[in-house]
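By written order: A, B, C, D, E, F, G, H, I, J, K and L. Residues from 1 in each chain.
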Amino acid sequence: MPEHVYEVIEIVGSSKTNIEDAVQNALNRAAQTHESIRWFQIVETRGYVENGKVAYWQVNLKIGSTIKN
Amino acid sequence: MPEHVYEVIEIVGSSKTNIEDAVQNALNRAAQTHESIRWFQIVETRGYVENGKVAYWQVNLKIGSTIKN
Amino acid sequence: MPEHVYEVIEIVGSSKTNIEDAVQNALNRAAQTHESIRWFQIVETRGYVENGKVAYWQVNLKIGSTIKN
Amino acid sequence: MPEHVYEVIEIVGSSKTNIEDAVQNALNRAAQTHESIRWFQIVETRGYVENGKVAYWQVNLKIGSTIKN
Amino acid sequence: MPEHVYEVIEIVGSSKTNIEDAVQNALNRAAQTHESIRWFQIVETRGYVENGKVAYWQVNLKIGSTIKN
Amino acid sequence: MPEHVYEVIEIVGSSKTNIEDAVQNALNRAAQTHESIRWFQIVETRGYVENGKVAYWQVNLKIGSTIKN
Amino acid sequence: MPEHVYEVIEIVGSSKTNIEDAVQNALNRAAQTHESIRWFQIVETRGYVENGKVAYWQVNLKIGSTIKN
Amino acid sequence: MPEHVYEVIEIVGSSKTNIEDAVQNALNRAAQTHESIRWFQIVETRGYVENGKVAYWQVNLKIGSTIKN
Amino acid sequence: MPEHVYEVIEIVGSSKTNIEDAVQNALNRAAQTHESIRWFQIVETRGYVENGKVAYWQVNLKIGSTIKN
Amino acid sequence: MPEHVYEVIEIVGSSKTNIEDAVQNALNRAAQTHESIRWFQIVETRGYVENGKVAYWQVNLKIGSTIKN
Amino acid sequence: MPEHVYEVIEIVGSSKTNIEDAVQNALNRAAQTHESIRWFQIVETRGYVENGKVAYWQVNLKIGSTIKN
Amino acid sequence: MPEHVYEVIEIVGSSKTNIEDAVQNALNRAAQTHESIRWFQIVETRGYVENGKVAYWQVNLKIGSTIKN
């Protein structure tokens, strides 16, 4: 990992299922515009509630992708 | 969401299963005294260990509920 | 819990499955050198991505264990 | 101010006008259930956008009120 | 401790004597409305000065109390 | 709001008038390249001073916009 | 801006009107003892409440001024 | 308290006895150059150890004093 | 102090008496495995409550000890 | 500097030599897609180690560039 | 070091060369008004960029100096 | 990097020369007791001053090393 230059972007993803799925959904969208995603960091975990139940899990991710030469 | 005034409370919930279940357990209790819960934010994730295994997942939540007129 | 003196160490664990499994893997290793692990706190959650999918979940844990007399 | 015991609550207020008005709106609601509000601290300032314009200013306040004997 | 759901409130207490006494004064007031206080965390320590001497010690506490079923 | 994936960018805006106007100026520019701005958060408020008077208010905003499918 | 050495001081200003005026009031006082104030950063925004209304806005500013040779 | 402009300085005080005495020692020195000290906040508490015992308690204080007209 | 290399460990100590005693208790245990403790920093102060009274003061310390050649 | 609107991006750069060179390498890459870089802030400094020696210095930069009209 | 009372000031220094030189330049200016500087802490590292190259390194320092009796 | 479990320790290193050398000195000592150091993060940079010049650069490092099976 050390030899690259990374671009870091922030994406918010959500899922009705769980935290891990919200992360993967954010990565799916990021992958449409960034070819070489290498890592992510969760910087915030929130959720929306309907009728007392978690309706959506929502994660803010920092996503690092290699910048090509 | 923008037109409401929210009250924000902090609740600690736990679960033997996983982080998502600990969140839902905290919301279940909060729902007994707050009618209109709308969102939550996880502000800390801890756990208790017995015999080397996670015995309880424990989350501190900020919980936002609409204040009625 | 209050009567003990705790040592707090930091361990990074990972898992191909999910966040909870990465925590348990970190605890498994910590247990090889620390007899009396009592609690942990997640201080960072990251992950590594291959072909657009989460390849590894990685958690930084503070782990508290009782120091024996 | 020093001789009192304060209760600190967190309220989110909003306004279509500006930040100061969002603060006052939050205080108006807090005053319905807390008699002796003395101070506040802004802990977050956000807003919602419609058609490129700020539609609502939203502030998270810590609000301190004297607890009576 | 792990099996409970906790409510976390924030109280500011003060004392002319020292930090520990300011904590206890905050707990005394919290106990009037919360039956089952279990722990606290000091989140800020301030004081007021008169004629160059500390007149009041003032502590902001997060206080956790068990929510009964 | 929960069903979307958001991109979060950071923009610094300024104004000779006040904080709210600096926010709107930042949003105006962001709108030139982002169609669906939904929310912002102020992460820093600074200003520049000339002859003892505030010459410019300057705000750092996190701006969230919906990513279209 | 880069060629100077700056001294950074912290001043708390207040105003009955709004946040911007509290900032300017703090700068007015700082200007009595610092000739070359160049920038400020708001590090905290608080207020005092009387009869449910904001009586004073209060801002903590870091203020940077050029140190002359 | 709200009508004043405050200057905030940072002083580190120490004591062989306890935390409260280290605070008072810092205030004693600050009082030699600042007439109207009104409040302080403890921003860090450290200590030095000799032969396994606390030799000195050391506190970093933010100290607020009224600026006279 | 500057010429040494320090190892920094984290220990949680407790006391029924006060904060200073909880610090010394943590240092006593640390001294059993670390010969040359030089300084500490309090990073968190908590407590446990029984019948409305502080039963234990608990401090998290970063402890620095010289590493010998 | 005050009259511009800035875009702030985050780039991770690395160097085998030192911290300053890692910063310049990050700026070199950022310059390929951003014409008017004006300032940066180091938000994290890390490194990778091989055979006990620093193999790469790695810096996370926030980079501000003027947005043209 | 423990027996002194320290005054802590904040100075911003800059250099065309590197981070260490920016620190020394800040100390040089601080030394003109403070006789007994003992330590510093870097609290922020920034820089200004011209034509894609670092033109100035800029550091915010907390500087501690002994207050004489 | 992702498949390992890491132990994270904190070491303070110093150098009369510069920040990079202080980092390497900390790593040299850590290497005496940890075989497989992989990365570090600088968490604080301080220094000691004599006669107005930097006498020692001092860095607090988090150091990650692979735990062998």
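Basically, contacts are C-beta pairs under 8 Å (C-beta built on N, C-alpha and C of every residue); 3 or more make two chains touch, one makes a residue touch a chain.
Just so we're clear, the structure is a prediction, and the values are computed from it rather than from any experiment.
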Looking at the contacts, which chains touch subunit E and subunit H alike? I
Touching both subunit D and subunit H: give me those chains, sorted by label. E, G
Based on mean C-alpha positions, I'd like to know which chain lies farthest from subunit E. J
Could you tell me the distance, in whole angstrom, between the mean C-alpha positions of subunit B and subunit L? 38
Distance between the centres, which are taken as Cα means, of subunit J and subunit E, whole angstrom: 44
Whole-Å separation of chain centres (CA-atom averages), subunit A against subunit C: 22
Multi-chain contact sites of subunit A, meaning residues that touch two or more partners: 1, 9, 19, 48
Classify the chain contact graph as line, ring, star, complete or other. other
Let me make sure I understand the interfaces: which chain pairs count as touching? A-B, A-C, A-F, A-J, B-C, B-D, B-E, C-I, C-L, D-E, D-F, D-G, E-H, E-I, F-G, F-J, G-H, G-K, H-I, H-K, I-L, J-K, J-L, K-L
Subunit B partner contacts - residues on subunit C that touch it in the complex: 19-20, 23-24, 27-28, 31, 37-42
List of subunit L residues in touch with subunit I within their complex: 9-14, 25-26, 29, 48, 55-56, 58, 60
In the complex formed with subunit I, which residues of subunit C make contact? 1-9, 62, 64, 67
Which residues of subunit I touch subunit E in their complex? 18-19, 44-49, 52-54, 57
